[in-house]
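Quick heads-up: structures coming right below.
Next, two complexes with chain A in common: one pairs it with chain B, the other with chain C.
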Partner chain A sequence: MDQVGVLSERKRAILSSVVLLTVFLGIWQLSVKTPTPGVKAEGLPGPVAVASRAWEMVSDPFYDNGPNDKGIGIQLGYSVRRLSIGYSAAALVAICLGVMLGLSPGLYRALNPYIQVLKPISPLAWMPLFLYTIKDSSQSAIMVIFMSSLWPILANTAFGVAGIKRDYLNVSALLQLSWFKRLWKVILPAAAPAIVAGLRISVGSAWVAIVAAEMLIGGTGIGYFVWNEWNNLQLTSVIFAILLTGFVGLVLDFGFASLAKTLTYKE
Partner chain B sequence: MAFLEVEYVSKYFSEPNGQQLCVFKDVRLHIQKSEFVTMVGHSGCGKSTLLNIIAGLETSSKGAIILDGKEIDTPGLDRMVVFQNFSLLPWMSVYENIRLAVKAAFSEWQSHKINDYVQRYINMVGLAGSEHKKPAALSGGMRQRVGLARAFAVQPKVLLLDEPFAQIDALTRGAIQDELMRMWAATQNTVFMVTHDVEEAIVLSDKIALMTSGPSAKLAEIVEVKFPRPRLREEILDLAEFGRIKKHIIQFLKNCAHEQPANDTTADDVVGARRVAAEA
Partner chain C sequence: MTKERKIESTEMSIANKVEEAVAYAIFGSEVRRREFIRMVGAAGAMTILDSVFPLGAAKALAQEKTGPIEKKSLKVGFIPITCATPIIMAEPMGFYKKHGLDVQVHKASGWAMIRDLSINGETDATHMLTPMPLAISMGAGSQTVPFVMPAVENINGQAITLANKHKGVKEAKDMKGFKFCVPFDYSMHNFLLRYFLAEGGIDPDKDVQIRVVPPPEMVANLRAGNVDGYLAPDPFNQRAVFEGEGFIFMLSKDIWPGHPCCAFAARKDFAEKYPNTFQALFKAIVDATNYAHNTEHRQEIAKAIAPRNFLNQPAELLEQVLTGVYPDGLGNMKNVPDRIDFDPFPYHSMAIWILTQMKRWGYIKQDVDYKKIAQEVYLASDCRAVMKSLGYKAPAQDSTKHQFAFGKNKTFDPNTPAEYIRSFPIRRA
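Let's turn to the complex of A and B:
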């Protein structure tokens, strides 16, 4: 295929996406009853209503009128902050532990049954225990993020480190590298593709979990915002907030995809 | 006392059914300082395992390795290996790969001294201009030049070459062998190489150690190659003596292949091989 053919194929895909979106929005708009003034609206709001509400929210994202009325930017900020704290802590613990497990098959085998049992537990299931022990709802939400990110990173790191080619370890043995250099120059770069794959999977699941956790704990965050707007029967806000979480998830995934690209090596 | 002494080294592997499989038995080999010794044998005779034992990457089941008067059983910077599959770190550039080794060997050197030294070895193997390429961007021949530069740059007491030319295309192989000979002549390193390329062994070596086939392989014979140095490969290949040695070794390897595995007829085979040599 020549360059022109490839480009036109990509253009065709973009064009198809745009057409699909237009058709979808058109059908959505047509199927929505036009609200008559004075009568309470029924059914879902249409895309035009959602867009105008979205514009309202985005144009003033940081206002704060008390606990039940905060700008979308502030709510998103709370969620992102919880995510970054819980996620970074999980990444730190999981990578350290994963390297240890990957380097010692005995320990790996000993701990693997427990990891396998803990891994499939929904991170939200821990919530009551955290609320009981930590006694702080926001920190409990952070712990939920921690639990949701821990296992994928741990499993991937251990798998990646255990699978490092013997040759690379032989080189570090021949060169008598100190354990720190061995870790920094050989083990981590060698396992980096697997570790970043784990980071990428878990940032997605962490973002999914934070919305649910915030619905439970209430107070602040995008999840709470969705729930609060539902209680206010503001479906336009709910729909826009849902789309917004999807967009943030996309941005996070894109970030880790680019990180993966820089850390992947060809043999 | 030889510089590198392999004293009655044996290697057993445990099979899944609990039996001990003997790879090779009581290998005794002495290598003098600055000598180039090559071990030739069929696949499975354990020659690469022996090389790894000398490198300290594997342990022997019996026997000892003595280097410069000291027994060794762990890896060390006094021995560097050039691997068949190059074993370069793929996330590092050519320069970084060599620099990692140089920094490990000469940790007391200052940064600019290390950089100059690394560059000198890169130039020596003709890779100037490719310093910042990753190994994946290089041909097999170029990768092994990096492998050679890395090994020589460390200035080890012993250089261990594990079929270093096996994965390099035939056209490049000769050039890299010449490269190795030049570097070896300049540094006067002690070299232990394993290969199953007989011609390569004769061109490069002072002595060739012949292993019988495994399991329970033994060191059967040591052939001395007394061509003067520096050697020119084209001239050596034409010598009658070259043909004679080559025929002798190939005959030996052929006899080994007919041998029943795991019995004790090795001694007879050695005699057989020697007789062929005498006739040739």
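Let's turn to the complex of A and C:
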């Protein structure tokens, strides 16, 4: 296919996306009853109402009316901060552990049953245990993020390291590379695509978990914001927050996708 | 305690006097007190006395305004319901400030969370359901942490709300097979609903399903048809009417007029470590509760607690709850001024009724020393002192016989809890 053909195909995809969105918004708006002034609106709010509420919130994102009412920007900041702390800690632990497991099949077999038991547990199920032991709600939320991102990174790292070509390891042994050099120059680069794939999967699951965790602990974050608006059945804000959460998830995913691209290598 | 100890300040001497007076009151004579101290040592004696009598609070009370506030900046937890009105309004309306405190109220998402925030020390004091400090102090449904409950917040103010499809329901008998929500196991909501159903011949454990659901989610559940009704705090009863999803079947005051509901509570060690702070907080809360008791203030209060930082509800809705002029969802406009009321006095007999119900439904299995637990957790005499110091009238007795409006045995006598439990045909104990 020639260059022009590729471009027009991409353009066509963008065009279809826009058309789909317009049709969706149109149907949504039409299906919503126009509220008569003075009468309480029933059913879901329409896209126009959501957009005007969104504008209201986006135009003043950093207001602070005390501990229970902060702007959407501040709330997002809290969530992203929790995410980055819990996620980085999980990545560190999971990559170290994953390399160990990948390099030693015996250890992998010994630990695998436990990993399989722990992996499917919803990260939120840990919350009561963390609250009881850590005795701090904010750190407990961070630990929930930790648990949610740990397993995908661990599994992918172990898988990636175990799948490194024996030739690479043999050569590095032949060259009598130090332990550290072997790890840094051979193992990690070779397993990098698999590790980044794990990182990409887990950042998504961590972002999913943070909203739920914050709905539980309350106080700050985008999850608390959704909960607080739900309290008041303020659905315009809830819908806006859902869209915003999705958007942030998209940005995170895009970041890791581009990282993955730079780290892929051809054999 | 001992004569040898140097008296360093008047405060210390007042504290010592209080300890002495308490010891005297307990042992009756100086000889028996000395004998006791010889047996367990002076420090040991005080620890033992402290376990039966809140010495810290008593000392702070005796000192009145003499002590400086140890910790000015405090966090107080709350659940966004109208029961918490005094705790919340005390921030925007300046009651905390008036008593020398800088308090920020923190919204929590549910009762389990408010319990853990408080146990973990993330909040200094907290809004709770009246059964919770009793349950936590006994380790029922929680780790065992001694709590004190200096004041009740609201009396009345709850309701049984049913989905619109049940408009034909007249009494408990018609509710067989219903799915109900309550906000927490250890809540007046749960105990009043169980009481109401059982008096109508419905076994709450066998004939219906009772689920714990956070109040804000109840309206959504009613809308989705997941549940048939709930006994819940406001504004979520009125909210169901407002949303056109349900109707108010019965106000809780028609089961037990003047029943306690929510409370102000703190860990016992907080009250002891910061006696003056605790005292100031206690005063601010009693002051605010008393202000809320006056029905003329209710509109002003509704406006103060409606914003997103606090209840996050429409002010008109809160007004319907607080003034008692409200549509019931059946087409009637009701006018019930005492739909919700505010009265801080924590009668020991209220605690004893709650404990009888915990025992009745099997939430506590062990033998209960009703009076002892009530005295340890509900600070009735301290509350009386605070109410008097603020110039308010206070009940003379720590316990009273409670009159119910609903049920066969309408009088609850706190002196005969075991007989009271046995008088119910439907019970687990």
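Operating definition for what follows: the second predicted complex is superposed on the first by the 267 of 267 C-alpha atoms of A that agree within 3 Å, B and C clash if a C-alpha of one lies under 4 Å from a C-alpha of the other, contacts with A are read in each partner's own complex, and residues count from 1 in each chain.
Heads up, the rule we're going with is that a contact is a pair of C-beta atoms (placed from the backbone, for glycine too) under 8 Å apart; a residue touches a chain by one contact, two chains touch by 3 or more.
This one's a predicted model, so the numbers in the text were calculated from it and none came from an experiment.
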So, after the overlay on chain A, do chain B and chain C clash or fit? They fit
Just checking: does A:Asp167 make contact with chain B only, chain C only, both, or neither of them? Give me first, second, both or neither. first
Legend entry - Which superposed partner A:Thr262 touches (first chain B, second chain C, both, neither): neither
(Q) Is A:Leu177 touching anything from chain B or chain C once the two structures are fitted on A? First, second, both or neither. (A) first
> Of the two partner chains, chain B (first) and chain C (second), which one does A:Ala192 touch, if any: first, second, both, or neither?
Replying inline: first
*asked:* Tell me the contact category for A:Tyr132 with respect to chain B and chain C: first, second, both or neither.
replied: second
Taking the superposition as given, does A:Ser59 touch the first partner, chain B, the second, chain C, both, or neither?
neither
- Query: Should A:Asn231 be classified as contacting the first partner (chain B), the second (chain C), both, or neither?
  - Reply: second
Counting residues of chain A touched by each of chain B and chain C, the higher count belongs to C
Apex chain A angle, CA centroids, chain B to chain C, rounded to a multiple of 10 degrees, is 140
When the two complexes are superposed, chain B comes to within a least CA distance of chain C, in Å, of 50
Note: in the complex, chain A contacts chain B through residues 167-168, 170-171, 173-177, 181, 185-186, 189-190, 192, 263, 265-267
Note: in the complex, chain B contacts chain A through residues 55-57, 75-77, 79-81, 83, 85, 87, 89-92, 100-101, 104-105, 134-136, 154
Within their complex, chain C touches chain A through residues 80, 104-110, 112-113, 116-117, 119-122, 143, 216-217, 219-220, 239, 242-244, 307-310, 312-314
So, in the complex, the side of chain A touching chain C is made of residues 40, 42, 65-69, 128, 131-132, 135-137, 215-219, 224, 227-234
